[in-house]
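Here the structure comes first, spelled out in structure tokens, and everything after it is commentary.
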Amino acid sequence: MIKKVLVANRGEIALRVMRSCREMGISTVAVFSAADRTSQHVRYADEAYPIGPAPSNESYLKMEKILEVAKKCQADAIHPGYGFLSENALFSQRCREEGIIFIGPSPEVINTMGDKISAREKMVDSGVPVVPGTNDKLISDEQAIKVVLDIGLPVMIKASAGGGGKGMRLVKEEKEILPSLRGARSEAKAAFGNDTVYVEKFVTNPHHIEFQILADSFGHVIHLCERECSVQRRHQKIVEETPSPLLTPEIREQMGRHAVQAARSVGYEGAGTIEFLVDNDLNYYFLEMNTRLQVEHPITERVTGVDLVKEQIRIAAGEHLKIKQSDIIQQGHAIECRIYAEDPDNNFMPSPGKIRHLTEPLGLGVRVDGYVYEGYEIPIYYDPMISKLIVWGAHRNEAIEVMKRALHEYKITGIKTSIPFLERIMENTDFILGQYDTGLIENNRDTLFNIKVCNLSCQDVSIMVAYVDHLRRRDKQLEHPSTPQPSESAWKKTGRGKR
Amino acid sequence: MIKKVLVANRGEIALRVMRSCREMGISTVAVFSAADRTSQHVRYADEAYPIGPAPSNESYLKMEKILEVAKKCQADAIHPGYGFLSENALFSQRCREEGIIFIGPSPEVINTMGDKISAREKMVDSGVPVVPGTNDKLISDEQAIKVVLDIGLPVMIKASAGGGGKGMRLVKEEKEILPSLRGARSEAKAAFGNDTVYVEKFVTNPHHIEFQILADSFGHVIHLCERECSVQRRHQKIVEETPSPLLTPEIREQMGRHAVQAARSVGYEGAGTIEFLVDNDLNYYFLEMNTRLQVEHPITERVTGVDLVKEQIRIAAGEHLKIKQSDIIQQGHAIECRIYAEDPDNNFMPSPGKIRHLTEPLGLGVRVDGYVYEGYEIPIYYDPMISKLIVWGAHRNEAIEVMKRALHEYKITGIKTSIPFLERIMENTDFILGQYDTGLIENNRDTLFNIKVCNLSCQDVSIMVAYVDHLRRRDKQLEHPSTPQPSESAWKKTGRGKR
Amino acid sequence: MEIELPKQERTAQVEILENEGSHYVFKIDDKTFEIDLVEVSKGIYSLLHDGKSYNVEAIPTKGITKYTVNTFFQSFDLEIIDAQTKYLRSRNTGATADSGNMIRVPMPGKVMEVFVNDGDTVTAGQTLVIVSAMKMESEYKSGRDGLVKKVMVKPGETVDSDQIMIVLE
Amino acid sequence: MEIELPKQERTAQVEILENEGSHYVFKIDDKTFEIDLVEVSKGIYSLLHDGKSYNVEAIPTKGITKYTVNTFFQSFDLEIIDAQTKYLRSRNTGATADSGNMIRVPMPGKVMEVFVNDGDTVTAGQTLVIVSAMKMESEYKSGRDGLVKKVMVKPGETVDSDQIMIVLE
């Protein structure tokens, strides 16, 4: 039995994992960097231990420090969340060596799926369609040109050890082949210490559709249907939904079967995600496997009724997965919007700072997974995602209406957020019709980046309120001339030395 | 089409109705008493109008004032919420006369169901089981004694026009019959201007189980299964759940059919609730019909996926109810806890006041329907319910665990709330086993009213924090001697006259 | 410093032995505690002790010496006994014995009925005032036989938490 | 009083003609507004005008004369032009033209690289500094050809919103 879990993460995902632990009667341990002492996950956990300075590579990525805390507080297991150490084979290995359960796959599986060429090979062997291309490393220049022309332009040259867009080159014309090949190689070498590259057909504006799978250690594997993740800005997902408006029941079943096959082919254990590229003719291709919980997992939880974190923990504890494939039925429709601390009207520039006021949306069909609170200062060191808003409706149109209502209610002030931009996506015709692919935002720049302008009355209202507020503060200053101004941080007053 | 709805209510239910309106693209109008200017429903609505002083009978119960506002702002319909004017036949009548849609049943139906003897008669006629007793008014003393002894002691004497426990007398012994009869009559006369009473068998510690129904104006009636409402303190529900742990699928189906019959027998339209008394042998009896939305309707919404307010509005607009009986399947398990501003350890004494800090529970399976915010002062004039916490789990045990987790996260400070008491109910063995009836709280006084005592360390922690806070405030006072103290209300500073 | 928890009948001696930033060493009576303490938002503190994470809210209830402190499970009322408090206490000894003579209202509400006048004799258990708050009416009774010295409220009046309604002789 | 909305290029004349409790009559330029206004929590106001309900937050950004105001759909920056502001402005005329010479950082972050030194010549579009915040690196470029007067930051340093990093001559 797992009685205590250390969550090797921060932010909303740390809280989300701890919530399920609490519901299972498992105690929780937080670890935190110096920048996160006041962060919600530290306050939510039963125990909390510092692990180093603010930068991730000195704290949340320090495997040995985290293992030391886990042993000291006698945690049975470590949940890595997403990002940080979640897909790090060495960490999975080190946990095994230290006798601590890693809530995630084995180092072997992470390695196989982390190397793109070996993952492609596994998929081809087990009959899962992959993007047309080659499983071979590109060795000589002549071979490369031949391979590319065989596949047909445009193609994408990719680093086998790749990730995060590094070591990737789009090739549209024959004369670009060799320069791109060299560029990709040197970038891959610099980023991953490995210059192996391969080539795939480039699909223009495809759909990104992924399948959630669960697999226990007894070979029982199921899928929990798909998530449509094609609303992306700067290659980052910002809105996800399930069911996908694109898929037909037949294609869904077929893709689900392939996803299960993909997981089986590597002896997968735990929760994982098979990502597919899908074109508008419903041809689909294996893209990669994410061997961890995804940011967007809650929409799957909402339509299937399965708590994925609880299942992860049970599987890691060696229990049988009790859910059968036939139990999985998508009920209604769920949408997730990611709320970032960023300024959508200024090129999505991050906007860290102090949360002044926070009003979370409530009521029917709304789930919020966040971690900030009023007075919290968002640190500059980590991901700018501050919460996820997940809604449910009996059908897609209702879900969109609930999302619009919930975004309208969601007030986060003191910083800029992506909320107004997400509201514009919910009003976008292509999105409403469900006729969109990864080109959505690029194809709708006109409407998505045009600010909804309020008529003159908004200005007048603002003038009246600012004026009254100004008069009140002025009067207060006259009464109490030394009252500190509101902009002054309460934090500047700490650390007064010994008493 | 309904384009604008006036919500003739306040608090959480006003917000809940407005949320569904917003999702339907309907604009919303709030009305408010002088005590509610800062209340959330005023802030949430598109429009808001004052209707009178703080006491309900000078504001929220003033039909003509509300109708005047509705006409002035050109509202198409009025949603009465629950309480206040929601079961007032005259208000339904006046709306009809003024050409405004009343989102609720006709005055005729309210009258029939409001008079308990006529409701009993309707049920008997249509074959719905009622509590053994008589449909006749009790006229002479001899007849009364005979009727009571025929039914068998104990019995309950009830006012036909009754409600709120007034004009009711429990009779356990023969010699109490006549004094109780006279007492009930004079109380009924005083309270309702009508001394008609009747007699029913008294069921000791029954279950309160109610069925939700929906009926359109074309005679299509469905039920949305039951709600178990037996956790009560002072005859007021505080925890509800669905499915009921008591019912079998067969009894559920049978009761559902009777509930539909009951609604049909009076030509019901809209959303309504049929309340049954159920004994531990699964005998069930019609108790009364509530011709409005119930406080606890969200648990039904969660397991059936139906937004009851949206259906109410569509039915009122004359649309066909599109949901078929076969569409209604209870998915998983939902529980609601009512959060009151009260002190459970001091005889549930109300605890109005100013909300100092508020942290609402978030994450998977949690819905909050509330209306208070930080800095809000709960008025003394209205119901002390400040929010409803609704959770969902794949099965009953999981739902209980989610509720425990959510109650743990829910922090409302500055006032006392029922949260600690609700936590103790969730830990209660009878509740966990699902083996409880309306006697639950009375039978478990020992454990429910014994405060969970923290070990000495809680005291030490409190001492340290209070001391540090004290030192900080003292230092601040020394720096800024005239800074106002935190206990001073910001509200004392308003109203400075003309500038 | 002395801190009193009247309901727990405890008086603790508190001292801060060390403090640097969020690091504190406390001495309470004869135990020492090494803790990490930060105020995360107004009056709400996060405290780490021996790895355990506590969330504690300190609410000053009167001036800056009386507090209600909320922990996870329980609330405590505390009083910080500074020099000024000590001085005031020494002057008021005996005067507080008076409090049994006062009928106070524990929560804000509206006075519905007052059954006595100045100078009336009352018996133990007799209802003196009815106050309504949030749809519930509460009766306030005399704790003993006696004489009404002063009625401080009248029907229809709004009363605040802790306000004195009736004074007995 | 004069209130300026620089981005909207608007300067409005505001006057409170009447105020009793939450009732206000405002005059803005030549329109009058009868409104009901209450502060529901710190800086957050509920405003009713012609029955319409508005929620507005006023955030003072500098002292008590500069505000950012959030309405449902939009944010506005406002400045209240009181006597003191007018005086300061009259003294500073011309000096503010200097602002084109400063490279500022719009958000808090950490300086990753600085490519120039005091006295360097730079050309328009040349990257001067790279700042990292929240996993994203942003380049700050020179808006024109010129000479670096002063470099105010160094790599590894944490910078605040609006802080000046480079001054050009």
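In order of appearance the chains are A, B, C and D, and numbering begins at 1 in each one.
As a working rule, a contact is a pair of C-beta atoms (placed from the backbone, for glycine too) under 8 Å apart; a residue touches a chain by one contact, two chains touch by 3 or more.
If you're wondering where the values come from, they're calculated on a predicted model, not measured in any experiment.
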Far-end chain from chain A, centres as C-alpha averages: C
Result of counting contacting C-beta pairs for B-C and B-D, higher pair: B-C
Computed distance of Cα centres, chain D from chain B, in Å: 48
Centre-of-Cα separation between chain C and chain B, whole angstrom: 33
For chain C paired with chain D, centre-to-centre distance based on mean C-alpha positions, whole Å: 46
Chain A and chain B: spacing of chain centres that average the CA atoms, whole Å: 40
Multi-chain contact residues (two or more partners), chain A: 373-374, 408, 472, 496, 499
Per-residue overlap in chain C, given as positions that touch at least 2 other chains: 16, 39, 41
Arrangement of touching chains [line / ring / star / complete / other]: other
Touching pairs among all chains present in the structure: A-B, A-C, A-D, B-C, B-D
Residue numbers on chain A that touch chain D, as the complex places them: 341, 346, 349-353, 356-357, 380-384, 408, 413-414, 420, 451-454, 457-470, 472-474, 477, 485-487
Chain C-touching residues of chain A, taken from the complex the two chains share: 29-30, 37-38, 42-49, 73, 373-376, 490, 494-499
Contacting residues of chain C [partner chain B, same complex]: 1, 3, 5, 8, 10, 12, 14, 16, 24, 26, 28, 31, 33, 35, 37, 39, 41, 43-45, 47, 49, 54, 56-65, 67, 69-74, 76, 78, 80, 106-110, 132-136, 138, 158, 161
Chain D - residues contacting chain B, complex: 16, 18-22, 36, 38-42, 46, 48, 51-53, 55
Of all residues in chain B, those that touch chain A in their complex: 15-16, 19-20, 22-25, 298, 301, 305-307, 331-332, 359-360, 362-370, 373-374, 394, 398, 401-402, 404-405, 408, 471-472, 475, 479-484, 493, 496, 499
